[in-house]
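Going in written order, the chains are labelled A, B and C, and every chain counts its residues from 1.
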């Protein structure tokens, strides 16, 4: 088997960048591509490719696929309040969520009530282990994620019901990718030349759910992986589609994504969750964009009568427009003047992959590789 | 007695026996044997001094225990500050009920490391607290030695070397704690840095022990404190296979993981070959390499990193805890 | 929301597998994938295998890049 380091090394990257540059000069104008998934934002800035591409006329805009960015304040603050005011409970969640500040504090810094604790998990399975090992405690799973993660969250629900772990329940903020993309395109608030579709969400979904973007809106796109070379292969595919004038949903990550996606995972999602309207921080409500628990007794918000309504937005915060790709962070009136990583006014400055945080840290960079 | 009792703290015969049967048995030397309230020591010239406390969990991990770490931590702080370590103090805070067998293992490790590093434990203290008031055992060590070099005089063009792979201690402890359900025997790189002392005479300019906060934080501090631009190449940083695997799976940045026996070292350009060859002969030093330099394209105080992919980004110090991601 | 890694499957016990990388082992939940085999590279996200990597396609991608690199060296 050949060396997988080829997917991230400088020499491979340089060769592909040449292809990108040739294509860009043929197209002859600056381009704006939306990369939907926070993990692509990560690859782009950690590798330094995002900066470089911007200098040669290709702007990668961060889209709404950032669970930290779009989870409403009220959902996280309900979890914070619960663990600080209820004895003998465990609130479990992914590391990504721990540092998010809310009007009630963050899960990382809050002092839990007597016998209670906040636990960071890598896998939803750990929630079941915690419930088993702590039969006298309530385990509440703050379950946040998109299609990549939702099947495993669904597995926890089925396992808890099957094995009778009555001390497990979930606060969910589960969102699906295609509806906000439609909302962004229908609003006409941003002119996009192409999409970099999320590679691992697409492992679950396949390519069909994005077809409307190519067919109705005539915008090219490529389902893309996460190594630096994968990102460039996705970009090259989109540029080819722009040049040929034939938009489609190309699978530029064929070693892992299949057209039909993962039907087993989707069936599980269907059994455990039902489609509902979802609130996206910064966006408002997007119809049909959320998944909610069918089995209400697993819903911690109902079980413990939690209040998830508390909002914590500065009315001048323009995260919603940033997440849609309508404006760049410096165009927000709060950027740098009031809003900073130490004192974030909105989710785009909170999340490690948030546009505003990245721009704040790396946006003034004047040099390129 | 096989468990430490609260009454040990009241002094008297119990404490005398404890000191004789445990402390002196493992750590005895002419100074300590005198049992004075303080030690008289022979040191010449400028004296260097440091202190550190150890409250780790678990107390035993693959490659070491809290005792080894207590000596290593203090010795290393001295070594990287241009100080030849000579003597350390050892203060123990024991939780009532702590197993004597475990204490013996810890004391034995302290002795082994002290001998390796050429230091003596010359004074100490033991306290016992009620069950629940400490996590088994807490240790404080203070260390003194002779100043043999004054770090500084860093100039553009100087090179930054690392004495081996980074992050092994963090990952070793994470796996030993069973965090996130990973299994495997991952050795901590906990070791004394006293073999680095000759580098000072060879011309090394500055060193730092790569501990909490990791190499990334140290480099940021370097840039800020010395008011210089720093440039590093990610591709030159070496990770051991288990560290690499866990960073990939959990989304951890290895630049922020702790080691406990590795140093960042600044050397003048013309010392490169000699220094790297020397470092590679030392324990755990096979991966020693130059990873960057003072200078490059960033502003003063900035750390610019060239990624494996060839692109550039700014490096920041670690803020808060390093947490696994799903994004 | 997409951090996932290809990892080698070294053990299978019904729906629970074991992956190994760099001397580290972990269990992986296999209930989302069909017919995993020993030696397969599963793609693990949050402790779950979300798919099995298609090694042939993987090789094709690597060959594509190698090809470009060779062209570059010759050109």
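General remarks:
Basically, contacts are C-beta pairs under 8 Å (C-beta built on N, C-alpha and C of every residue); 3 or more make two chains touch, one makes a residue touch a chain.
Please read all numbers here as calculations on a predicted model, not as lab measurements.
A comparison of the A-B and B-C interfaces places the larger number of contacting C-beta pairs at A-B.
Geometrically, the chain at the heart of the complex, using CA-atom means, is A. If each chain is reduced to the centroid of its CA atoms, subunit A and subunit C end up 22 Å from each other. Distance from the subunit B centre to the subunit C centre is 36 Å, each centre being the mean of its Cα atoms. Multi-chain contact residues, meaning those touching two or more other chains, occur in subunit A at positions 38-39, 66-67, 94, 122-123, 125-126, 145, 148-149.
Of all residues in subunit C, those that touch two or more other chains are 1-3, 45-47. Counting partner chains per residue, subunit B shows two or more touched chains at residues 180-181, 249, 325-327. The part of subunit A that touches subunit B in the complex is made up of residues 8-10, 13-14, 38-39, 42, 45-52, 66-68, 94-96, 98-99, 108, 120-123, 125-126, 129, 145, 148-149, 228, 352-353, 361-362, 365, 367-369.
By the touch criterion stated above, subunit C contacts subunit A in their complex at residues 1-4, 6, 29, 31-34, 43, 45-48, 50-51, 53-55, 57-63, 65-66, 68-69, 72.
Put simply, subunit B touches subunit A in their complex at residues 180-181, 235, 249-250, 297, 304, 306-314, 316, 320-321, 323-327.
If you check the complex, the residues on subunit C that touch subunit B are 1-3, 5, 7, 21-27, 44-47.
Against subunit C, in their complex, subunit A makes its touches with residues 1-4, 6-7, 11-12, 15-16, 18-19, 37-40, 65-67, 94, 122-126, 145-146, 148-149, 151-152, 155, 198-201, 203-204, 226, 229, 233, 254-256, 258, 262, 264-265, 268.
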